[in-house]
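Going in written order, the chains are labelled A, B, C and D, and every chain counts its residues from 1.
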Amino acid sequence: MQRITIDPITRLEGHGKIEIFLNEDGNVANTYFQIPELRGFERFCVGRPVEEMPLLTNRICGVCPEAHHMAAAKAGDAVYGVEPPRPAKLLRELLYSGFYFTDHTTHFYALAGPDFVMGPEAPVAERNILGIIHKVGVEVGGKVIQARKHGHAIVEMIGGRKVHPCTAIPGGLTKGITEAQRNEILAMGEWAVEFAQFSLGLFNDVVLGNEAYVDLILGDIYRHETYYMGMVDAAGKVNFYDGRVRVMGPDGTALGDYAPHEYTEWIAERAEPWTYLKFPYLKKVGWKGFVDGKDSGVYCATPLSRLNAADGMATPRAQEEYERFYTTLAGDTPAGAKPIVHHRLATHWARLVELLYSAERIVELASDPDITSPDVHTVPTEVPTEGVGIVEAPRGTLTHHYSTDERGVLTRVNLIVGTTNNYAPISMSIKKAAESLITGGEVVTEGMLNKVEMAFRAYDPCFGCATHSLPGRMPLEVTIRDATGAPVEVLRQYC
Amino acid sequence: MTEKPKFAMCWAASCGGCEIAVLNIGEKILDVDTNFDVVFWPVAMDAKYKDVEAMADGSITLTLFNGSIRNSENEEIARLLRRKSKILVAFGSCACEGCIPGLANLSPVDELIDTAFSTVSTDPVNGNRPRTSVTVPDGDLHLPELYPVVRPLSSVVSVDYFMPGCPPESHQIAAVIDLVIKAIQGEAELPASGATIGAGGSTVCDECSRTRAVKKIKAFTRIQELEEVDPDLCLLEQGIPCNGPATRSGCGALCPSAGAQCIGCYGHADGVIDFGARLMTAFASVIDSEDPEEIDHILDTLPDPAGQFYRFSLAGSLLGAARSAWEAR
Amino acid sequence: MIAPISGGAGMSGNGGRPRIGVYVCHCGSNIAGTVDVTELRTWVERRLAARGVVVARDYKFMCSSLGQDLIAKDIAEHRLDRVVVAACSPHLHEATFRTACRRAGLNPYLCELASIREQVSWVHTDTASATEKAKAVVSGAVERVARNAPLETLRVPVHPATLVVGGGIAGIQAALEIAEAGHPVYLVERDPSIGGHMAQFDKTFPTLDCSACILTPRMVSAGSHENITLLTWSEVERVDGYVGNFTATIRKKARYVDIDQCTGCGICQEKCPKRVIDNVYEAGLGYRKAIYTPFPQAVPKYPVIDQPNCTYFIKGKCRACEKFCPTGAISFEQEDEFVTIDVGNIVLATGYDLFDPRRVTQYGYGRLANVFSSLEFERMTNSAGPTNGEIVLRDGRTKPTSVGIIHCVGSRDRNYNNYCSSICCMQSLKFAHLVKERTGATVYNFYIDMRTPAKAYDEFYQRVLEEGTLFVRGKVAEVTDAARGPGEEGKLIIQTEDTLAGRQRRIPVDMVVLSAALEPRKDSSEVAKRFGISCSHDGWFIEKHPKLDPVATMTEGVFIAGCATGPKDIPATVAQGAAAAARVLGYIQQGEIEMEPIRAQVIVERCSGCRICNDLCPFNAIDFIADRGVTEINPALCQGCGTCVAACPAGAIEGTGFSNEQVVAQIDGLLLRNLEPTAVEPALV
Amino acid sequence: MTMTKEPKTFEPVIVGFTCNWCSYRAADLAGTARIKYPPNVRLIRLMCSGRLDPTFVLRAFAGGADGVLVTGCHPGECHYLEQNYKTLRRVRLLQRTVHAFDIEPDRLRLVWASAAEGVRLAREIEDMVEAVRALGPLDWGNRPIRQEAIHEMTGGVDDAPVEEPVGVGGRP
């Protein structure tokens, strides 16, 4: 039996390690996507005061600390059974929208973009942000940097710091914003809307205008019919900060939705001895292994999932894009069912729709008369007990669940991190990509490496936090071994 | 012309925040590019680990190392880059003193795994736990073993400079890069080996604009329980356990100015061996009682001393880890 | 593992490795008897060479002149820049060896003592383990001394004036000594007159010379001395500053008598219609007027008006004194007055309070008429006292035929005071003698132990024995008037155990005298706080060293004398007054004072102005400089305790002489971590 | 499993901190009075227990001490008036903190001893030695700790050549 190891050497929290086993015929027998690291937050957060969780869990990820900061703060609210005043909620969501704007921008231009703009077969050296700049003009580079700056500026104004914000506490925030800051944010928001539209335009021209890419997107390699998860507001529209979590079936009929504290009735996690990460699945459906379909509890939580799960977007321009997205990709939908897109590579488009939504949301929130109110904190009066906080991290639904003693000191902690939701589907995508690219022991090409990479980059996995950086790539190393295990050929990319 | 000095940046166990902070220096990034030959920076470029091994010892002028030492691979990279680098900088809290993940050192590593795999949402199915070697139908799979404790860079290799912060503030990073470039061009002096760079020599209070009086505390209060947090008065004097007094300056007192207590991410000030010791003695000093019982009552209002005093510095502290963690495995 | 303490920059002033000499003292067999000194010396040579030890010797008596020469010689020959002497406690010979080093041209603070006698050879028996411990102790001292810095003693100018608090014999003595030497003294007394307890006595043991006769001249010369400013009826309100430069604020209580006008003729006292029981001077046995001088020989002679008892102040009319005063010195409008004075030194001679015998209820004082306190008895025997020296029962007429004198009332008794009041035995013997002499009554002395140690004391005891006083050894259980038989009717019965006869006894007497204990002043702890010194838990002022520095305190420039430091007889009290004066004169003579350079110091650039330390110094040495936002320490006020050093969260306060470097190095040395190699990948350049 | 590494009878090492005025003199008194106590304790003299920096205690544990004994004047008898109260607060907090590191309370004791209490001090030492002996070795000595801590404290490695020391016994 042959074995291929894809082992990214860039390390962050649980970086990926892919094992591909081939059978005698040289076809893919199985693939294992291993996470070889664990930091134990669930253990060492126990004993800490609950108000520190937004600060401690920040450090789970330096790329999406805002997500953990918010989930932890909301869990803190729940633990004390305290409702933050409206201005505090608005500010938290505003901070969060600023973060989404930066994060989605980074991902599209640094990671996904190159695959399309330059093309998956393009030489390594060109497949990065610089490549995009060369192809579509220098001003893009400037815009991207500007976009990241604006996003961070909003985060810093409300969160106190650019990276690892510090202002969210149980019951609200430690500070509000001034009129001057509001105007600044408003201006940035309006700029952001234009930028988002520009990006969608770019995607439209470069990708949708290109047969090959459309085929690639609509092709079968990256298609899985799984369940989809995403948070929706009262009107059933996508919301990142608050609402109920809706689970949409592969056939476009909703399985239902749940409030944060009900998550244990919906989500269970499967443990496997060969990886430090667990595989969440839908409890109501059950674990059937790494397979898709209506009977498999495997679900997906990404920008694509959020669009699939929701009835639409809460802002006008984003709603237009939402509709265009489905008319273009959904094909014909059974009557009574909601249109669903199963093609993983469509996630990049979905992400741009969300980019536009986050930009519009910045403007909406910054225009709210309450946003500059100094009333940003409610002092908890209840005895702290237990609480769950959920937000939509860019990489999926993020759940923090705390139990505390009567002093508000943690006694139990459970975290289901954004990316974890997608662990099973990612493994499946990798296997599918491998299957479609390796047949009869045909010698693997570098393109294949990138396509495998594309398979999970679509999910923007956080255990590849490395891949968030400019103008990054996840280095891969593939070793092909014959039946005796001796290496036949070694292919490397960036390592 | 002579070739440019070589630059490397690498991480071990870290969250990526340090990288983001570096990217946030914006235009300065280009200075790095123009003044250095970037030979190794996995996040940013096509980097070959093996190429580094091939380099002559000491051929990399400047290496920024972030992340702590959690497994054998982290240690391996650390030792390799120490050999290859003239100037090795422990970059960020993880590399300097272990940071938040260092809190893991309060429990044995098996307990970390057990807890993570016995949460309410985890299937009890055949009590699966990750194993370093497991046989699946298709063959054998291996997982790297976690070290019993998280360790800062300097407990594995000797470090030339320490650049604290979680993450280091971008303007400080920019300043340090400027300094090194100037030093290389002979226009500036590098500080003495072992020095802390990209930070102040005093503590956060030095940069904090809040007014301070003589401190006397009858009870510590939790920030969310305070009806009204005075926006101008020292947080510690309001009973909020602020780590500012013991935490190195350099961040610009970001958290206190945002109404949140300093949590100590910049580590200890110059000449200090143990951050926790300094903060402990500071808190003990402001307790306003001479009666043993009352003192105990006041101390009860600090629910988590170890976490309070060693939030970021546990792995780098004198004790380093709880006894049970040291003795694990 | 902990990396070794390495030599180099951090270590010795001259840079590079220090050159340390280690000297192991045998102390005859005191050390060598238990510690293998040769093994210790060779170990130091072998293992501590890498730590900078260039000479190691062992010698019979290092403190001998030969031993000291040995060190001096090595300092010259081997260019030693550090010295460790492994010998006795630094409290014994640190000064000796530091001086030796200074003579040899080495800064004395570069010499450390390692105590291997008091802390090793004298407290351990097993040679092997004792020697091992000695090695550790020396290793610690070597690491410490390697980081010692050469220090210079601080010098501050001394203000020539002195404040003496307390006008008893101790204070008077101190004041006179200093004044005689030609320096100004402020003598502050809270009562209207100086003189203290001694002025109340008639005879003083053992010589039985008249108390007034010897005290009065001293009071007069103190009152009239050109260098002494007498501030009676006054109290010290607050004290600021430090040795050589104190500022004291004194409250002069209103006398209602203008002392510039008053001649002390005494007419006001004759004319005053209000009689008041004199509980202070006459111990309640006699009366005085509402305007009074406490006793005829009072100094100053000016009276005071006892405001709470003065009819005018109560009823708003009378003013008899004013009417009859020939010089118009009475002024009812007078108010308390505050004066501040600058002094260089302070002598506290605040004396004692007498134990209140009422507290020992079973002795019946205050309940049984003919039970007297020792002070009452002193007054009774005083020819100028309420009975003109007649020893009589409460009725004021009847002479007692039998008298019981009980020792140790309130002393040597775990219910009251554990200590011995030291004067009661002699006082009781004096009483016994006076009773015999004046009444011929039968006298019983009830004692626990007889303590007559000083000059001519025991002879006096013998004399009283010969006079036929009966001595019963045992603690008196009770004094009662409940008669059990005809012989006891109308008597006071003393129920006691006779430990010599080994039986219980009931002894009927007419009069009982209680030799009450001496106790610290009720307000001694507040006074101590005001002057920045400390009290023992029973309330006596604590001396800097109970044997070697009995009149100095931990606070430089504040001295203590007399009973304020513990019970004393008159000779000892006078001696201490003189001793304190001598110490003060020493300082004044020098013009400036040398202070131990063990001080705290702020490294200003590290200070964040967090103000954590600001409230930690009881000597007010820590100041926050608001405009610069930093804290500073006044080296003259700092006593060097190091509390602020240990408290500074920024590590911005240095402890001279006890730096973190020194202590941490000593810890590592004690634990022998200094012998280990390091284990990290070394830096390249 | 640490026990197996140890000799049959485990001899704990205890670092003791004394103040110059009370407890160190108590130790002197124990000496002059020839009061015996086990040799397991090694004393360090500070001017006042108020000088006790928690760093010293942690350093002692980290350096291999099995126990740390902090001593000072009785409350109210401090030669610096009230500094031992600050020691009391510090040590209480320190005890709570090291508890999280699995260091048993008996390994860090605070004892007041006046200059007159040589016997008391000796008995306290005896008592603590037995208590720590019962707890077994703490064994922190061989744990890797942050190197630059020592760097900061003592400066860089000094490679000046080592000179053979002169060693002479008896008379000079």
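Here, contacts are C-beta pairs under 8 Å (C-beta built on N, C-alpha and C of every residue); 3 or more make two chains touch, one makes a residue touch a chain.
Because the structure is predicted, anything quoted here is derived from the model rather than measured.
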More contacts between chains, B-C or A-B: A-B
Chain A-chain B separation of Cα centroids, rounded to whole Å: 26
Distance from the mean Cα position of chain C to that of chain B, given in whole angstrom: 54
Centroid distance [mean C-alpha coordinates] between chain D and chain B, Å: 31
Gap in Å, rounded to a whole number, between the CA centres of chain D and chain A: 54
Chain C: positions in contact with at least two other chains: 616, 646-647, 660, 664, 680
Junction residues of chain D - those touching two or more other chains: 53-55, 59, 62, 82, 86, 90, 100, 143-145, 147, 150-151, 153, 156
Touching two or more other chains - residue numbers and ranges from chain A: 47
Set of all touching chain pairs, with the criterion as stated earlier: A-B, B-C, B-D, C-D
In the complex, chain C residues that touch chain B: 605-616, 624, 629, 646-652, 660, 664, 680-685
Interface residues, chain B side, partner chain A - complex: 11-21, 23-24, 26, 42-50, 67, 70-71, 73-74, 99-101, 103-104, 106-107, 109, 111-113, 115-117, 119-123, 125, 128-131, 134, 136-139, 141, 143-144, 146, 166-167, 170, 222-227, 229, 254-255, 257-260, 263, 265, 303-304, 306-307, 311
Complex contact set, residues of chain B against chain C: 57-58, 79, 82-83, 85-86, 88, 154-160, 193, 201-206, 212-216, 236, 244-246, 249, 268-273, 278-279, 281-282, 284-286
Chain B contact footprint on chain D (complex, rising order): 1-2, 53-55, 58-59, 61-62, 75, 82, 85-86, 88-90, 92-94, 96-103, 138, 140, 143-153, 156
Residue ranges of chain B touching chain D (in the complex, touch as defined): 97, 106, 151-152, 154-155, 158-159, 162, 193-194, 270-274, 276-278, 280-281, 283-285, 287, 289-290, 292, 295-296, 299, 302, 305-307, 309, 316-324, 326-327
